[in-house]
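Notes follow once the structure below has been shown.
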Amino acid sequence: MSLNSRNLNVDHDKSSWKEECGVFGVWNHPQAAEMTYLGLYAMQHRGQESAGIVTSDGEKLHLHKGLGLVSDVFDSYKWNDLPGKSAIGHVRYSTTGQNLLINAQPLKADVRGKPIALAHNGNLVNSLELRENLQKQGSLFQGTSDSEIFLHLLSRIGGDNWSQTLPQALEWVQGAYSMAWMGVDRLVAIRDPMGFRPLVIGRFSDSSWVVASETCALDLVGAQYVREVEPGEIVTIDSRGLTSTQFKKSSKKAACVFELIYFSRPDSQTFGHHVYEARKKFGESLALESPVDADMVIPVPDSGVAAALGYAKQSGIPFEWGIVKNGYVGRTFIQPLQGMRDLGVQIKLNPQKALLKGKRIVVIDDSLVRGTTSKKIIQILRDAGAQEVHLRIASPATVSPCYYGVDTPEKSELIATQMDLEGIRKYIGADSLAYLTLKGLFKGLGENEETFCAACFNEKYPTRVNT
Amino acid sequence: MSLNSRNLNVDHDKSSWKEECGVFGVWNHPQAAEMTYLGLYAMQHRGQESAGIVTSDGEKLHLHKGLGLVSDVFDSYKWNDLPGKSAIGHVRYSTTGQNLLINAQPLKADVRGKPIALAHNGNLVNSLELRENLQKQGSLFQGTSDSEIFLHLLSRIGGDNWSQTLPQALEWVQGAYSMAWMGVDRLVAIRDPMGFRPLVIGRFSDSSWVVASETCALDLVGAQYVREVEPGEIVTIDSRGLTSTQFKKSSKKAACVFELIYFSRPDSQTFGHHVYEARKKFGESLALESPVDADMVIPVPDSGVAAALGYAKQSGIPFEWGIVKNGYVGRTFIQPLQGMRDLGVQIKLNPQKALLKGKRIVVIDDSLVRGTTSKKIIQILRDAGAQEVHLRIASPATVSPCYYGVDTPEKSELIATQMDLEGIRKYIGADSLAYLTLKGLFKGLGENEETFCAACFNEKYPTRVNT
Amino acid sequence: MSLNSRNLNVDHDKSSWKEECGVFGVWNHPQAAEMTYLGLYAMQHRGQESAGIVTSDGEKLHLHKGLGLVSDVFDSYKWNDLPGKSAIGHVRYSTTGQNLLINAQPLKADVRGKPIALAHNGNLVNSLELRENLQKQGSLFQGTSDSEIFLHLLSRIGGDNWSQTLPQALEWVQGAYSMAWMGVDRLVAIRDPMGFRPLVIGRFSDSSWVVASETCALDLVGAQYVREVEPGEIVTIDSRGLTSTQFKKSSKKAACVFELIYFSRPDSQTFGHHVYEARKKFGESLALESPVDADMVIPVPDSGVAAALGYAKQSGIPFEWGIVKNGYVGRTFIQPLQGMRDLGVQIKLNPQKALLKGKRIVVIDDSLVRGTTSKKIIQILRDAGAQEVHLRIASPATVSPCYYGVDTPEKSELIATQMDLEGIRKYIGADSLAYLTLKGLFKGLGENEETFCAACFNEKYPTRVNT
Amino acid sequence: MSLNSRNLNVDHDKSSWKEECGVFGVWNHPQAAEMTYLGLYAMQHRGQESAGIVTSDGEKLHLHKGLGLVSDVFDSYKWNDLPGKSAIGHVRYSTTGQNLLINAQPLKADVRGKPIALAHNGNLVNSLELRENLQKQGSLFQGTSDSEIFLHLLSRIGGDNWSQTLPQALEWVQGAYSMAWMGVDRLVAIRDPMGFRPLVIGRFSDSSWVVASETCALDLVGAQYVREVEPGEIVTIDSRGLTSTQFKKSSKKAACVFELIYFSRPDSQTFGHHVYEARKKFGESLALESPVDADMVIPVPDSGVAAALGYAKQSGIPFEWGIVKNGYVGRTFIQPLQGMRDLGVQIKLNPQKALLKGKRIVVIDDSLVRGTTSKKIIQILRDAGAQEVHLRIASPATVSPCYYGVDTPEKSELIATQMDLEGIRKYIGADSLAYLTLKGLFKGLGENEETFCAACFNEKYPTRVNT
């Protein structure tokens, strides 16, 4: 959680734990492109590398996308070039490389003469096989993203009504996909049968609808939250209204628990939980499981704030802003200064010496991935005069990569796969270290472990994966 | 206070209460320009419109300045073009207009053949007269800033050793000035006799020194805090070390109390106070003076955070993040969306509906200037379902403009000059409203009102002013 | 012809007669990307809207392309990101629209798992049918360019060795295509059976080769001209050297005569002719066919210069620079000045009053398309005091659009389809007007009309076309 | 001369012979800023490094200036920010350095409370003394340009009516100055007593006037040429019309002969001469003085074109475009290609092999400064197969630097000060080499040497100089 909705560049350990995407769609609104712009802006934390919008004016689709933040891509853009009353949009984090634009979304193509666009959050686990098969049949791939596969499948299956043939296409794919599709005359929202990634429905009126990855986008555009798109559901919105099809059932559900721990904005309702409250609960559970005698609880800003408030509440130890973040970090790139000591963390975070000196500190962070940043934070707290530094992590130890739409480090780079708890404690230099248990996490949430994917913590992948 | 050091664009009411400048200087450091860059970066909150650095290589001064944030101005800048082991730098907020660059600082000029540069924080109260007099004597002004006057005075007085004639020049000026001067062979720091604006000394070693408006800049460059430059003191640093001259004594001291309330970074030590602690104390005093029966205390992010923590602590009412700030605001300009409802506050701040619904809320902000933003914030809290909204302001009512280096609205735009307390309460739509008293403020601070300037609250200007 | 190689923005009537593309390829050169950059730079006049380079390092293809001039697209580009000893490149003129980048070339795709790139000059006449057929079979088109069709055909045909299956793919296409293809291990150059567009081979050594649309590119990279790629020929260059296949024979040849009139650079050898000399000859023929009693011959800069020199030589009338072009036009965009008289031509071209006053002038231009610019030029010559203005056009009247890779106006916008000669003369305000006859043109060239396409003048399209 | 008005980057030897400035002014025109923009655009060849405009709305002066071409500086500029019916403007070439903007013109300052702006072409010869004296009296210089001196002198002299005290200020300065001044209520044009630099008057009507460095600017804005501003004349234009004062008489006149040889646009009337015709005459004189038996005359584009036409006419040898210039050079920066042979000249100029092979060539250029570019051009002509290359220079040997507003190389870098004619011929590799004599130059011009400054050729400086 955060006072800020989150700031990629500041967020330390999570620089290696990247959200893949946010999707948005709007149906029948006089300012469809502008609404999509706002919706994407509210979900900027879900992807900072590219942004795009496709509108439908009833006859044609209009696309603009580019590299950069939402406001960069659409900065001087004339809304006149994105006419129409319906639209979908996408923000994307993507791996580096020169030709990023080719993977920027929404993707748009002519499928059997009909223009279709697609915005996708998630990752398929059988994309390599599908790609090879399609190529053998003569399909020509332009980019490297999983998402292009959906279009090729649809094109190959054919048929006059693309949203009716969609279920056939979806038979082939396995993995995580929360998607918004746009045709000239319809908006379609789809969530995979296990429901890895969030996707919600909102509305302006009975004839004007919104879909979005997070509810914070509904808040900003002023739409009312209706419900989640269900796992395995296709929601079609057109001039006749909203219709729903359950294209596939899965007894196993696999909502990504990391959305609640770190990805989603604290002010979103994700998988039915108020994210901020969930994080506070994680903090409370953590205080119960791993108490410590200390003078103050401080968060790693911004990701540890909610859990720290929970920890403080449960433990009775005062909550303090022990570390101040430079508000201009993230807005601006600080170029490397030749020959200087590493400023990595210091340039972003300044510990409050006067507050910390001689004190016993509990530091709360949401997760621990590589350990390098935690090590630095503990060091600057000690340099600032802290007498004891106890690190408490409001989630379990991360031990395995994600294959469902999160760009995680190699397994060998996850510190918890390389050292035991005491080893990690020594490495990061804390006086004590504790993780929240998975049991404690779900208890805090009041949920059954079975409805979530927690593979990054327990290696129980809900699907086969290519490891 | 803030988790973030502050973010101009987000800060609401204070969009009309602008800090003027930050100054920095470094003597005898192998990376003088880079250190100055970092120092300015740490003080970016003191001015976002222009930035500049002047270095001395012992023979010449080298200047680079430009419009924009520190990292914009120096983005592709080659440090090789700013050679030398000493430097001064400046960040500036300035009024709008096309020719801003001419007023960007440091100013540099040849004074009787010797290159001198100057970085100034503050405003003079007799600049118009001085300017007219100098023009009558043939001085040619390029820009419109007060700061140019110092150079003209020095030029007119003449003499071989400019820092020795400086006191004569300073005889003429009245008002606020905390300054760093750079000659090829010396760094000079000066603070006006009443000490309106902060200025501190730090050091790397016995032969390497730093001066800065705030201690957060010392923290980032890794220098040790030594002491404040005293009111009426000229500190000269050259190859022989640091020497001090008291050029003028004033029995009245006038440290700007608003530095502690809002301007300075929470992690700075300003006028001997840890700013964060001071703000927490203001919140505690406020809770004592104006208690309210409520379910939670929430801050207006980011400026009300520290005071809200103090209020919560004193009152025992739980502290909550009731409002989440979009972390991308400020980084990016959201272009006006034609024909849409005003998104001013909403695009920056999202109230947490699930948390606030049906609750009695105390909202804490650091100050109340025009009232327009408070009105909007209270509205979005009510829209989010809050049952009661009580606004508590951690400083007194602002009733008069500043003439000492803060860009304030006209007196008539200060809401407290137009309405009584009940009128303001109604206008902003709060269930109750209370300010911290001036007495409560100084009590929280543990200081005597006489050593501060609080003219914006009590109209007691420490100097004559041109109203 | 021109002193300058040509300047899109200055060229007046031809703003509606646009070259489509230039292609370049290099095999086995230590600076393949740089050479391609230079080759494209020399052919910048063939396309100003996008530029791209694909290199092969023997294992992978590396692509960079973008919108703008060659030097814009590669401005800050690190050659390190385009490694390898072989490359192809492309410059493109394309129709307006927001998503130009998707049509920028070279195109690159995985064809049955093998990376292939393609740079194409020309247009197909059966692209709509091909596209529809391919879509029916499940092919997914990303862009709207003809060139993508080649890749889909190749992908559909399949086979292990793409350059061996290429002839099968080419069976399907009709129209103009001069192309360079790049695989990881080969460079392939292809020219359609009628040879509409130019394509030449050059070499650095027996193992290092170049292909290019024009010889001016060979000059700049320092390669030696070898020969044209023949109509219907596939030239494959790989580690075993250069091999040639005649994939199709056509008795009809159709070299585009407009390349010699306007498109090619004057210093190129195109279709075996020195373009500058050809244009001078057109001017000489024109002087023989349509003499006039006058004081001086002046060119419309830059396109009429060579023909004007020929006209002056044949007629004995002195050649003069009657019109001076502003050398900064084209480099810079002059924004519309509200409420001012149309500056269209005047801002680019200034007639030399002192030279023209009271004189009888023959103005030479290379072609006459819409007539609007000629009208303006004649007007400014009269305003400058010319007594008589006789317009002579060094090509026949343009009466029909091109379907082979030139972006021409609608037939109804071609002035010669709307008025007879006298009507045009009156419209443009000349004292007399004459075109070069097609017979005179080919006589000047010393060529048989049968080996050229002159459909824009005589409507004899060498293929079926979709009119 | 040139088909193009000229192109800095292409012009070779003259990259070390730089024009200083162009000035423009307009009085009482409803689109004063736009007119000034166009006037500067027409004179862009006189300065490419900065551009600026000051307008008067009758009460205030409004300034915008910046680094770059006219169209860059005013690209997105809203004319609304430059209100008023009168304006002056300036284009500047200036030496390199980071703080160029401080020297960009027009300069604007408050002189005794009155806003005045100044645009200056030329250089003073006693600026160092003046500067020192003014500094001793307390004047503070911001920049390093001569032009600032005028403002300081005026400020020091004082008086209520600045244009009446101007003659007193001008008493002090020596050297070259053609200037436009703007006050809120007047436009003043001044030319130094010897008239080094050109300055002309034009008019729209009896109450609306223009001043400009060259007549090509009058042509573009559509004003009528009236006359030159006379040497030693102050022309004041205000609401009462145009009045003239002769502030100083000088028997010696010193019009810069290089304006006719190279600087001015060929389509300008400078010092009463049509520049294009003058250059043709230089070519004719050159042919008479230094004939050669050859097959063709070719110009170095663009600067040698007019003289080459004259040489061809007089000699009867055919004129040919032997060298084609890439029309995109100058528009775009070609970045250095690591490890490649020097492309300096080749990238700009391509010799027409087919034309030159086996031929005896006379190459005409306007001047020869360092010789390095001529050497390269002769080399590429030989590489193209030319049998003989004879270089003819349409001006005398350059032997001495300019102190009047042209940025020339050091004397020691002028090749004619280092070698005799035969030495230069060998160095550049020509079969023969000849300069036009100074006598021949003035004969061609039909003028008396006494009214011109030809110090760069004969070292007869019309004033004392600081060598």
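For clarity, chains are labelled A, B, C and D in written order, and residue numbers in each chain start from 1.
One rule holds in what follows: a residue touches a chain if its C-beta (ideal position, glycine included) is under 8 Å from a C-beta of that chain, and two chains touch if they have at least 3 such contacts.
These numbers come from a predicted model, not from an experiment.
Relative to the C-alpha centre of chain D, the farthest chain centre belongs to A. Chain geometry summary: the mean Cα position of chain A and that of chain C are 49 Å apart.
Chain B and chain C have centres, each the mean of its CA atoms, that are 61 Å apart.
Residue positions of chain C touching 2 or more other chains: there are none.
Viewed as a network of touching protein chains, the structure reduces to one closed ring of chains, two contacts apiece. Chain D makes touch with chain C in their complex at residues 1-7, 31, 34, 37-38, 41-42, 44-45, 69-72, 74-75, 79, 216, 219-220, 222, 265-267, 269, 274, 276-277, 301-302, 305-306, 309, 313, 318-321, 324-328, 330-335, 337-341, 343, 346-347, 350-355.
Listing the residues of chain C that touch chain A in their complex gives 62-64, 81, 98-99, 101, 109-113, 132, 135-142, 151-152, 155-158.
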